[in-house]
Amino acid sequence: MQGAARGVLPVLVRSSFPVVLAVPSPPPLHPDTIRTIEGYADAIVLRHFAAGSARAAAAVASVPIINAGDGPGQHPTQALLDVYTIRRELGRLDGVRVALVGDLAHGRTARSLAYLMAMFPGVSFVFVAPDVVRMGPDIKAHLDALGVPWTEAEDLRAVAAGVDVLYQTRIQKERFQDRPDQYEAARGKFVVDAGVMAALPATSVVMHPLPRVDEIVAAEVDADPRAAYFRQAKNGLYVRMALLKLALTK
Amino acid sequence: MQGAARGVLPVLVRSSFPVVLAVPSPPPLHPDTIRTIEGYADAIVLRHFAAGSARAAAAVASVPIINAGDGPGQHPTQALLDVYTIRRELGRLDGVRVALVGDLAHGRTARSLAYLMAMFPGVSFVFVAPDVVRMGPDIKAHLDALGVPWTEAEDLRAVAAGVDVLYQTRIQKERFQDRPDQYEAARGKFVVDAGVMAALPATSVVMHPLPRVDEIVAAEVDADPRAAYFRQAKNGLYVRMALLKLALTK
Amino acid sequence: MQGAARGVLPVLVRSSFPVVLAVPSPPPLHPDTIRTIEGYADAIVLRHFAAGSARAAAAVASVPIINAGDGPGQHPTQALLDVYTIRRELGRLDGVRVALVGDLAHGRTARSLAYLMAMFPGVSFVFVAPDVVRMGPDIKAHLDALGVPWTEAEDLRAVAAGVDVLYQTRIQKERFQDRPDQYEAARGKFVVDAGVMAALPATSVVMHPLPRVDEIVAAEVDADPRAAYFRQAKNGLYVRMALLKLALTK
């Protein structure tokens, strides 16, 4: 019985340990889980807390695995919808100047976006992050190897004035379990408010993977046509529909 | 891409704080939640613990919001299915005499039913509730303003003899967190049993929003053709299907 | 409105007390639950912790009840897929020699398989279980009443050499709450490894209801074509589809 005959049945595999972020070593994905579920589904959409779990699942599975986030690793479908959003909002991808702001050490979305945007010619990055959560050396080395220019900066308004995309991210409190003082120092340091919007060019956009806390001031920014984050979230539906279609018809 | 093209995708938004009833101030619904989900759905069915949350969501959303219960506020789809059930069981709505029994202070369903039935001519109410959970002054004032007669009574059998609908509700233990003695006093005071059924006219019906504890004696009432509560529950399916169709085709 | 008109809507009823295994007396299934859900569904698939709950539900319900496991009672759909797997793997059911291995006292699947396979002519059983979790006297008496031969054995390799189906099961840690020493003694006593596979005939198969812990050594057995457990799991999809079709079209 083929997928086409029985209809398409994608399965979302969620770890049953949703609070496990604070645990030093979450239980790894069991290969039996994949080998069992692949018997029931035409594709597996996998979100798991262990970095590398999607790759491990793909090595075992006979059906397509879609990585929906593997812990501190990558979040590729988010990166795809982010790139689609940039293309749709700006009309181009080549030569786009991107500021990545917030928790760049733990934020999968910022990391994955840097990785994917680096494939387009003329792209450049500015990283704006509190000291304790700066962009990791792996992404920087990756950009260097590809010859993609990047800098680090501290003045968000000055940065805003020179970019096409201001990509804000949340300082993730759950990453600061034992360091509440560092969390307080990190959050609120770089906030997108009316002042930042005044500096941002008229043709640029503000993006955010959501949810947000207070790193974008809703009352000062949401009504601005350059606030693209809810359109960005909606694009996720279409990009993931397209991805499932691609995976299931190839 | 329109709803018709991609199929209809209603989304049920449940608060992620299902045990929050005992908390003095549950977290309010975040507008970002609505603005994100409306990107994925053609309608939002919202159940939330904060009174007024559905109204707040509707102010933000560009898709229809269906209120599936907003804490101690209203439960309008239950009221719609209750009214549909009365119409279907009795063959009419005009002039119906309704007894509302049980926890009338916290029971959303009784409150919403009073509110909705008050729109039909000739309807009258009797409230039968333990002292600590009597019908609130807001509903009484609403009925007074509309000229709908209501009384309060203590003798359930005497009341049963003179009504078309005996609408029983559960004393909600979770509302008596710090007052277990009051809960014990309230429950068991007004029970629908064989004696009450003997007093109830042959053409009247017993309704209940379910679940029940012991305020209707199953062994003495369930087999009676006037016990309409399971038919009432089933009507909920059809009324909500109709409501979704209405919301999605208007 | 009939099932055919509104589409088929089977409902899976799960107990809301998933951790209740350790509780001496889990709350029984409430008849009101069934009478409410049958208003919404064309069939009810019931998994509940109380033995006999499916039978009790069927006595109340006006729609088909499919028993998806009733605590320590039976797990008939698993037995159906197991019998289907044996038929498909071996090409026959008559005269099949089955070894049931592991926790035969608590394992519903082994109990239900013995019960169902006993209906086919010439079938025989060998039970291989740690002392504390041996096959219960009820199943043994049932087999005796039907004249189905069974024995108990301790040497798994010797048993493997003489069977068509080696059905391994997990020692269920959660059944040994207060007896961790007995759990440690029971697990690891009968493990399917390369040595057992060497003894097993070329035309025999290894089955397991999954999940497993370490009672089958993955690295030594999974790649063997006689390892049928993932095919067995996949068969569950088709058998349950067939069962729903049968229940809904009869």
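As written, the chains take the letters A, B and C, and residue 1 is the first residue of each chain.
We adopt the following convention: contacts are C-beta pairs under 8 Å (C-beta built on N, C-alpha and C of every residue); 3 or more make two chains touch, one makes a residue touch a chain.
Keep in mind the model is a prediction, meaning the values are calculated, not measured.
Annotation, chain B versus chain C: rotation angle of 120 degrees from the Cα superposition, expressed as a multiple of 5. Different-residue interface: chain A and chain C share under half of the residue numbers found at their contact. Measuring from the averaged C-alpha position of chain A to that of chain C gives a distance of 43 Å. For chain B, residues touching at least two other chains: there are none. Of all the residues in chain A, the ones that touch chain B in their complex are 210-212, 218, 230-231, 233-234, 236-238, 241.
Taken in their complex, chain C has these residues touching chain B: 1, 6, 30-33, 35-36, 39-40.
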